[in-house]
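The structure under discussion appears below in the form of structure tokens.
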Amino acid sequence: MLMGCSDADDTAGPLDGVIYCSEGDPISFNPQLDTSGTTSDASSHQIYDRLINFDPLSGQIVPGLASSWLVSKDGLTYTFQLRRGVKFHQTPYFSPNRTFNADDVIFSIDRWRLPDHPYHEVSGGQYPYFSSLGLSNVIADVKRINGYRVELTLKQPDSSFLANLATDFAAILSAEYAQQLTQAEQQNRIDMFPIGTGPFKFEKYKKARFIRYLKHDNYWQHDLAVERLIFDITPSSSQRLAKLMTGECDAIAFPAHTELDTIRERADLKLDEKPGLNVGFWAFNTSKPPFDNPKVRRALAMAIDKNTLIEGIYLGSAVNAKGLLPESSWAYQADLNDVNYNPVMARQLLLESGIEDGFTMNIWAMPVERAYNPNARKMAELMQNYLNQVGIQVNIISYEWTAFRERLKDGLHDSVLIGWSADNGDPDNFYRPLLTCSAIESGTNRAMWCSPEYDALIDQALTYTEIEQRNHYYRLANKLIADEVPLVPIAHAYRYRAHRQNLEGLLINPFGAIRFGDVQKQ
Amino acid sequence: MTALLNVEELCFEQRAKHNWFNQRSGFTLSPISFELNSGETLAIVGENGSGKSLLGKLLVGAEKPKSGKIFLNGQKLSSHNIKQRCLNIRMVFQHSNESLNPGITVSKILEEPLLLNTQLNTAQRLNKIVETLKMVGLLTEHMYFYRHMLSDGQRQRLALAKALILDPQVIVADEPFAALDPSVRSQTINLIMQLQKDLGLGFIFISHNLGIVRHISDRALILKQGQLVETGKTEVIFNWPKDKYTEKLVTSHQSLIAPK
Amino acid sequence: MMLAHVIRKFNLLILTLLVLSILSFMLVYLFPGDPLVNLTGLEDIDQETYQRLTVLHGFDKSYFHQYWYYIRGLFDGEWGLSFSSGLPLANEIAQTLPASIELSAYALILSLLIGVPLGFVAGFQHHKTTDYGLLTASVVAYSMPIFWLSLILILVFSLQLGWLPLSGRISLLFDIPHHTGFILIDIFFSDLSYKGAAAKSAFYHLIMPTASLTIVTAAIIFRLTRRSVIEVMSSTYVQAAYTRGLSGFQVVMRHGVRNALVPIIPLFGMQFAVLLTNAMIVEVVFSWPGIGSWLIQAINQRDYPAIRAGMLAVSTLVIMLTVATDLLAKLINPAQMGTAHAES
Amino acid sequence: MALLDIKNLTLEIEGSNGWMKALDKVSMRVEEGEIRALVGESGSGKSLIVRSIVGAIPENFRITADRMTWKGKDLLTMSDMERRLIMRSDITVIFQNPLLSLDPCATLGEQLMESIPGDLVKAQWFWQRAKSRRQMAIKLLHKVGIKDHRKYLKAYPHQIADDIGQKFLIACALVSSPKLLIADDPTRGMEITTKIQVLKLLSRLNETRGLTILFVSHDLLAISSMASRMTVLYCGQTVEDGKMHQLRKRPLHPYTKALLDSAPSFRKDLPPKSPLAALDGTIPTLQHLPIGCRLGPRCPRAQKECVKTPELRHVQDHFYSCHFPLIRDKQ
Amino acid sequence: MPNLDLYQEEFHPSPLVHTWLEFRKSHIAVLGLWLLAFFIVLVILGPLIAPFDPLLQNPNAFLVQPAWDASGSIRYLFGTDSLGRDLLSRLIYGCRMTLGISLLLVVISMLIGIALGAIAGMTRGVRSSVLNHLLDSLMAVPTLLIAIVIVGILGIGLVNSMWAICLALVPQVVHNTREVVRAEMQKEYVLASKLDGAKKFHLFFYCVLPNMYEMLVVQGTMALSIAILDISALGFLGLGAQPPSPELGVMLSEGLREAYKSPWLIALPGSAIFLMVLAVNVVGDGLRSALRNRLQN
């Protein structure tokens, strides 16, 4: 305070930068490694680029690092023409000697595709998005045609393949950086000290506190990015809002649904909302008795009143989910039958399956807020009440987010309140990661439910490009889900983001992570 | 006839605390011997730090002597047998205020020695308490009083009652009159002399008030820095002091009395 | 004699720290999970590494050996790794602890500056309106749950008035290099171009956490001081000083202040534990990146090595401070020095 | 003119049942150069008189007097400032238990030098003043018979003995060469030899420097050895006032007699171990003062009239307040 | 018996009564006592007073405003929380829980602390000095840290946090008890009892304890205010009681989510804690000064 007066620093004015209050810690800075939105938010569009992108406004696939691409008639060969002169980040820990070329693309894809790739096992060797979609089996080969042309060959046609390459997870890493790290034997640095081609370069990360990015001065697309980008990690939504109000944040993730009106009322704040491609659900651990019994699962589904949950937790800013897909998806099935609230029936079903009064189960509730479930903890409390009425005691369990997901993957839960946000507009992006057998291994199938019948339906759907054909199989899959009830879909929530009025260019990306590249502060 | 109390070669040495940083020799009380007959009063006189309180404590067993023997009616008092000693030799403290428990009633204060040292039942104890209270000139009603409700003189009486309740043979009093106002002091002195006459008590009292010493004691014991300076009949000591120290004490007392 | 006292205190300090280190070593076994993992903070290690670590930390030998290796590690700065961040705990603590100390120090200094003079005022005005007013205020202040107080401050000053920021030590736009860990000092000695703005931001961030800590701590200090002053002012020597013809001011300055302060300084020392507890709570509310919020995070993440190391660091700090105040109190109190003299 | 003249001093304390007269019409004159003793048992209000004189009366006490003057100046109407000036230059007080009257945190030297007023320090320059003060302090110590000034100036109160403490307080009191020294039970609880030293010092000061002393105590031995006049108090009332030797020879008030009788030393004729003459009962507490003559319930000569407060009468300069003084026996 | 009358008209209260009389002189202290009594009545009669079950959710009444608000309903005097639970009932149960547990903790830790303090105060030598020193160092460890360590060992939960608070309270009690016992042991009447042949046990119950009651009550109020603050702080930090249990600290931290929209969700539980602690502190202060006045007279 005293020292401030002496220098003439005040003329320098406030520093140019944008602070975004995010909701949690990313697991790493490589979106390939994780499906959580937190990780993608922190890396996908800030640090990296993809070959192709979704246009956030139209949802169309647009060129990214690949300036153009060609798909062969049989749908098996994809050829990408790469941009020239795209520069990687220059940071204290890495100085690029060359610009972006085909080697980087091959490295990035091979890393998750090939189990024997030198970098495959680095940072755990899990690529949940790709493995849940079985993409490594779909791709037959990635070939370098020349320095700026890459050819991908598939084993069978996959109508969602391009969409998958445009998701947040298909980031392009620097092969040269990897090489340098190999020489220094510091391979594990690659995901924590990332190098990419995106608008911002990584500067510093303090767990549970902040991530700092600096502007990438030689960004290939434009020179508009702000000097600094900071993610202020603030797990509590009320605190995020408070920070937005005091101007400590320029934008916040997941404003609490209870406080949307507050944001709307304030002139200095702006609330963006869009129907989200997401689903919040209650998944049973079907590998554990008695939850391996569909009857029990159905009974539990009947025991809760979803409408109350939606009103209480989403405060009306969500629609009741009958199935996995939201209304905005082209594969939405309007005539799907929902499980209705019926405690009497539930009790009866439970008795039939031999579950006595006083049965105890646990509900794991996410510790963080997601668009699909802004307050899992509270939802669990509401459900606790309902289940109590059918004679079931409920323990609510919650861990810190990273630990939570790890334990979830190990299948320690009885049931869990979680959800899914789509990474692209394709229905496969719901059906496959959430319930197929391969997704158990990759940790996105929270129900631990494995049905070969269902897997076959989902695989078959992909071999067709016509919507009607695919819809046919998805309807069959829906029927299967409705019969077996591996999970109870609860709601499709709107997506919200709030920012200060003086922040421009921050768009809600329906398919995923936040982008700060074009953001300007007035 | 054996004396009521016979003290032989009583010695005390305060353990010198050995410390890395300073060595200080402890206080020593040189061999002291004296006799006390029943109904007799012995005064212990000396300046502060002469060890007179210490001698009192040795007699009642609050401190352990290094060597020396104490005989009561010809029977040796062992330092382990507290009961034997406290039934017969009782102490009255200087500040009746501090030697009486403020948290309990008078009856409880008096009951405590009975509880600890006798097999009397409740009714007998009550009886004894009432009796003793009357003996020291207090009322039965005082039983329900707390310490703070009594005046100085009453407290001193109570302290005396506490000493007397076990029917002891010797009473050791440490400066029993020093804290009292003159008029109350006279009452207390009278009471003690009366009781001594009635009960045949041996009375040892520690004082620096030579006037009182002269008036009530039969014999006196002069201490100086732990050394026994002089002992003998009070009259003799006051009139013909042998030791210089004694002489100094006596003359300073005389100088106060002599009118200007 | 002072030396003797210092040495005795020092011995006790060593003993206490020894006990503390044993306790913290016991935590390795008491916390759930594998002791070696709890000790090193290395999770998911292969068999070979595990063997190597077993030997390295003496886990193939007796507890005594293990403890010996543990102590040696502590002195070498090898406190293990954090589960959650994978970083060396010694570094993490070196970063978070100064933040807590900075916050507590400002609060303590302010509390002393407020609490002690007010205590004197109230003590001199005993049984007057000023005294009652201040006393009432202090009871209210120190009955306040500190987290609630902090929230109210946030509601008023951040959300309603929008004057003060509500979290962190400084606006995250500023990147202050970490040297001492005390942000104002770091800013002052940094060669950043935006020093002034950074200092201003850091200052604004300090206001509310310091204020809420200060309110509670000052209330305690006020009460201690007031009581002591009342006692001193009613003592015989103060009365005697008045009768010697000294003016009220002279009496207070020459006899009141020192005598009132001497007995309460060790009591101030005992407030460190309370202060730090409060500071930890305040840190959580204001997202102050100190050891308190770090520890709370650690407990939520079951980061056992962090809890162990944090406990050791914080309690060592508090005990050292307590002993230091104690010594200080002895130093300025001749009477205590004298009694030590008389006793030994 | 009397140095200090108090007439009908009444001091009231507010208690649970109204105002209680802790001092009831006390009168006293202290003449220059005399040693005046103020005798009374605890609760007689002698300390209250001292406090009234020095002005250290708590605010919830009510004080009234027909007259309370210092060298003719009214003490009651004086401003604090004037009063402090008198306290600083003319009147000083020493208390019982000297060690409690000394700041435990300051050395004796500091406290002694602090009480030397600035205008008494001779040196002109401030760097000389400290030294000058020190020299004055040493001189004072020598005056009261403390020889080892080196040791004691550096000592803290808890490190010194009682008598040194009392002498030291006297030294403090002598700093400004006062006219009146009020000694509030200065020898209480002291050894006889120590007591004599203090008493001798006081007597010597009275003789050599003409210091007037108001000696407050219940220790008749101490008083009789030095005082020239004595005032006896009982429960806040003046009982008797007269020349020391007269009072000792022929007390007029039963209380004075009882007080004298209680000290066996005074009575050479008393056989050893004979009962002492004593008043019955105890000193009443402030809440339960009897009406009229407060000695009433304890007085062996009490009669009906004693429920009225007796007037102060006098035979020559021997004052007494009793309806039935011992003098009548002789008649 | 002429003396008798003299004493009968004089009212001589026993020490405890005397303390109470002194206490009663301070209006504020009495007010605090009433407030505390009110809270204790809530603790005892809570279930009878509370209009609803504190866990009962009403899906039709989420975040109802308190009754004094224009849009409030008299059915929910203090409004409802985000799960439609009646805030008044939750507050009543919360006071019951927070204060009840605190009282329990104080009793337990006082019992342990007094026992240990008595032992520490009455014994001498190496053993007691080691014990004393250990306890003193334990006192230097911040409460929250102890709680964190214990919660780390045993896991998060109300019972575990209670252990922690107990462990944090005990050293304080031990310390104070020890000081008082030490001081008492120096008194002459203890020496007198010793000379009567009293054993340590007897000494403690006859000599020391009767003079400690008030100190213990004062100590108890101090411990109580600390316990309330700690219980709620741990609840607030998520280390103690867990939602949905109606513990005031937990309610406060739950209310944080809706802080802006429904500030009463923070204001009311916070005020409840505050008033409770205030009442306890005021009573404690009153007792302390009553005690001081008694001893001075």
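Labels for the chains are A, B, C, D and E, by order of writing; each one numbers its residues from 1.
Note that in this section a residue touches a chain if its C-beta (ideal position, glycine included) is under 8 Å from a C-beta of that chain, and two chains touch if they have at least 3 such contacts.
These figures come from a predicted structure and were not determined experimentally.
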Next item on the list: Identify the chains in contact with chain B as well as chain C, in label order.
Entry: D, E
Notebook entry, point to check: Looking at C-alpha means, what's the farthest chain from chain B?
Noted result: A
Note to self: Suppose chain centres are the mean of their C-alpha atoms. Which chain sits farthest from chain D?
What the structure shows: A
Note to self: Taking the mean of the CA coordinates per chain, how far is chain A from chain C in Å?
What the structure shows: 42
Next item on the list: Compute the distance, rounded to whole Å, between the mean C-alpha positions of chain A and chain E.
Entry: 49
Note to self: What's the distance between the Cα centroids of chain B and chain D, rounded to whole Å?
What the structure shows: 32
Item checked: Whole-Å gap separating chain C and chain E, where each centre is the average of the chain's CA atoms -> 24
Margin query: Multi-chain contacts only, two chains or more: what residues does chain B have there?
Written below: none
Note to self: Quick check on chain D: which residues sit in contact with 2+ other chains?
What the structure shows: none
Note to self: At least two partner chains per residue is the criterion; list those residues in chain C.
What the structure shows: 159, 300, 302
Notebook entry, point to check: Contact residues on chain C for chain E in the complex?
Noted result: 12, 15-16, 19-20, 27, 30-32, 136, 139-140, 142-148, 151-152, 155, 159, 270, 272-274, 276-277, 280-281, 284, 292, 295-296, 298-300, 302, 304, 307, 310-311, 314-315, 318-319, 322
Next item on the list: In the complex, go through chain D and note every residue touching chain C.
Entry: 54, 56, 84-85, 87-89, 92-93, 95, 97, 100-107, 114-115, 156, 158-159, 169, 172-173, 176
Checklist line | Touch list for chain A against partner chain C, complex | finding: 1-10, 12-15, 17, 19, 203-204, 206-210, 212, 228, 230, 232, 234, 239, 242-243, 245-248, 399-400, 402-403
Check: What residues of chain B sit close enough to touch chain E in their complex?
Finding: 60-62, 82-83, 86, 90-91, 93, 95, 98-105, 108, 112-113, 116-117, 139, 141, 145-146, 148-149, 162
Note to self: List the residues on chain E that touch chain C in their complex, please.
What the structure shows: 28, 133-134, 137, 139-145, 148-149, 151-153, 155-156, 225, 229, 232-233, 236-239, 249, 252, 256, 259-260, 263, 266, 270, 273-274, 277-278, 280-282, 285
